[in-house]
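Heads up: the structure comes next, in structure tokens.
Each chain carries a letter (A, B, C, D, E and F) given by its place in the written order, and its residues are counted from 1.
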Amino acid sequence: MVSDHPATVPPVDESEATGKVAAIFADIKKIKQIEFVPLFWRTLAVNPIQLEIVWTALKALMHPESVSRSSRLDPQVREIIALAVSATNACPYCVNSHTAALQRLGLDQEALGEVMAIVGLFNMTNSLANGYQIEPDIRPSPK
Amino acid sequence: MVSDHPATVPPVDESEATGKVAAIFADIKKIKQIEFVPLFWRTLAVNPIQLEIVWTALKALMHPESVSRSSRLDPQVREIIALAVSATNACPYCVNSHTAALQRLGLDQEALGEVMAIVGLFNMTNSLANGYQIEPDIRPSPK
Amino acid sequence: MVSDHPATVPPVDESEATGKVAAIFADIKKIKQIEFVPLFWRTLAVNPIQLEIVWTALKALMHPESVSRSSRLDPQVREIIALAVSATNACPYCVNSHTAALQRLGLDQEALGEVMAIVGLFNMTNSLANGYQIEPDIRPSPK
Amino acid sequence: MVSDHPATVPPVDESEATGKVAAIFADIKKIKQIEFVPLFWRTLAVNPIQLEIVWTALKALMHPESVSRSSRLDPQVREIIALAVSATNACPYCVNSHTAALQRLGLDQEALGEVMAIVGLFNMTNSLANGYQIEPDIRPSPK
Amino acid sequence: MVSDHPATVPPVDESEATGKVAAIFADIKKIKQIEFVPLFWRTLAVNPIQLEIVWTALKALMHPESVSRSSRLDPQVREIIALAVSATNACPYCVNSHTAALQRLGLDQEALGEVMAIVGLFNMTNSLANGYQIEPDIRPSPK
Amino acid sequence: MVSDHPATVPPVDESEATGKVAAIFADIKKIKQIEFVPLFWRTLAVNPIQLEIVWTALKALMHPESVSRSSRLDPQVREIIALAVSATNACPYCVNSHTAALQRLGLDQEALGEVMAIVGLFNMTNSLANGYQIEPDIRPSPK
């Protein structure tokens, strides 16, 4: 599962993690209900502050129940946002993991295709609005 | 409402539109239930094929009922995708119009803030996964 | 030619396509004069509306003669635009396919290098103009 | 023509330029056959090396005759690449100046609209190919 | 200083802030040693969780002494990274505020110009490496 | 070390380089004190002008001592900018080579992690400032 060149830095092995990193690794597995710590988190662990900042933010926003917060968006919508951003930014790791997450949340291939079609549509309209430098004529109301 | 420099090309005035352009302008107002044709569409009209292609795509994906199609996503989710993409691409026109659309669809400021926080989170994680060149270890299952 | 992980969703096999998807697959091969349906289109086919929207747009703009339209740009210029956008967006699939298309249209390596050098130049100047927030002092004339 | 906040740094005034900066300013006006030095160049002049590097590159690629080089692309195509990149990168200064340049080179509004429609199309397909992580199945031939 | 359309949502006024938002506003002014809460933070406050996540991350990384952490990078280098990213992403607010921060930290116009020239250079090389799809032949050593 | 598909064009072999290309290849090895010409430069060599423009710019900015220029930034800071831009632009070749360069300049994994965390932070704040269209309220002073 892990290639010869998993990243530009050597990911921290779960068995080698200590202190704060070990605690966050355990929390990731518990909150996400997974058996192993994904490469993304093991890579961030090269700098424990970085791991803590990103995990704290992601936990609060994507697993709100774990911090006793109620979200206004359901889990599928939150992952759809993640996929839309990742497709736009050309992030291979992220596209794979968020598509897998949506699949686990029950989004089937056709609905995924609709999400992607809309992502594609607005990447088109964005480049048009920016390419013509069209000034906003529709604005949110201040209240 | 229209500034001195609304775009790099002169938008087509509704009163000057004829033929295919006039028909699409009328369709835009009918489908979107608005009183005027937004600058975005009036600008695309400098080339009627362009106007037709973009409107056909947007109508099919964002107003599926108008083409007798049933969408798997509700209108708010579709606009949330539009906003997530537009924020990531730095498109002033698009951010304004999709935020306004979400507001009309009943998304309040706090929920909008949650959408944006998630958009911000994944712009962060995308740059990290790409910046370390982390290879995917979580992939969607083939079925 | 097809790797073990060709995409996050299973591309539709030509032999399995039916109805609208089969018709579009046939049209793609006819219009592009190719023997097989590229992975890009087979992947979009997970959602037939998506396939239809993207193919309709691409056919109209990149194969104008097939829709009885006359283009103001020659085929090589249209593919050069495609490559310039794809290089800027970091799209591996797109860079490969549009470079191959330009090669088929007779652009040799040195001229391709000139295209790319210009793409690189304006990615540099764009980041400078945006990085200093320079306001436009040269604008198109309104007519 | 110059706003109150033309940039994050004070552009160098033509009347204050000396030495290498003055020489480059004169060369810009001569090569581009314009009466004033655009803000872009006056801003880069806050660091003379920067001004020299960017002007040398742009002069060689966009004004090849001035360095006794023959280009494989005509001036309109070179400016079309500039606009395609600038629209994709969301650069207001660049979109305005390259659209104006295309206008001076005789590209009319409808043809400009065709350029932009193609730019929009490939921003859509790029996000789709990246959003599905489709692997290249069409590659340029090695020769 | 504040325009008629400062954002797509109404920023929270300092005088109206209560609870967690008021506490973070006070912390921002104390840590950054400024007299007013910038629009960025007042806008994020439409959703208090968002404000808290972003401020916690920025405080830890950009004001490490305030969380008893020692940074390996000096404050000017940290702001240079901020500016490089903001120029690349075309963010007007961010380019302005990070350029101002660098100015306060003593970076003069010529050195700022050197930073920007390097930002421009690598936006050029990035689009070239991506535009040719060059595969890495220089990798960090695993240690 | 070189894969089967190193790029969309065949890189120029060192043994086949002649004239200007050979001279630049020799200069690259001398200035960078390396034993072989990296794929990036061998690929740019498909068009000698392109190779010359990019190498001249990179040499002047990243190896200032070689052109008798004094830089205001130390070599590590210059490479940090390169990495920040490359991570933001999703450039695999560039991320690998600039991370390797930083490693050679003595930046250890933890400090690299701090650089990346800051890159991630500002990709987040950029998308938020752009996603809310917050107007600048902090500007550099004109001096």
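Criterion: contacts are C-beta pairs under 8 Å (C-beta built on N, C-alpha and C of every residue); 3 or more make two chains touch, one makes a residue touch a chain.
This is a predicted model, so every value here is computed, not measured.
Under the touch definition stated at the top, chain B and chain D share these contacting partners: A, C, E, F. Where touching is counted per the definition, the chains common to chain B and chain E are A, C, D, F.
With centres computed as the average of Cα coordinates, no chain lies farther from chain C than E. Among the remaining chains, the Cα-based centre furthest from that of chain B is the centre of F.
Counting the residue numbers that touch the partner chain, chain A and chain D have more than half of them in common. Spacing of chain B relative to chain C, judged by their CA centroids, is 21 angstrom. Chain C and chain F have Cα centroids lying 27 Å from one another. The set of chain C residues that touch two or more partner chains comprises 5, 8-10, 44, 49-50, 53-54, 57, 61, 85-86, 88-92, 95-96, 99-100, 110, 114, 116-117, 119-121, 123-128, 130, 132-133, 139-140. For chain E in complex with chain D, the residues that touch the partner chain are 90, 95-96, 99-100, 109-110, 112-114, 116-117, 120-121, 127.
In the complex of the two chains, the chain B residues touching chain A come out as 1-3, 5-9, 38-40, 43-44, 50, 54, 57-58, 61-62, 71-73, 77-78, 80-82, 84-86, 88-94, 96-100, 103, 110-111, 114-115, 117-119, 121-130, 132-141. Interface of chain D with chain E (complex): residues 8-10, 44, 46-47, 49-50, 53-54, 85, 89-91.
Those residues of chain D lying in contact with chain A across their complex are 83, 86-88, 90, 92, 95-96, 116-117, 119-121, 123-128, 130-133.
Within the complex, the chain A residues that touch chain E are 5, 8-10, 49, 53, 56-57, 60-61, 69, 139-140, 142-143.
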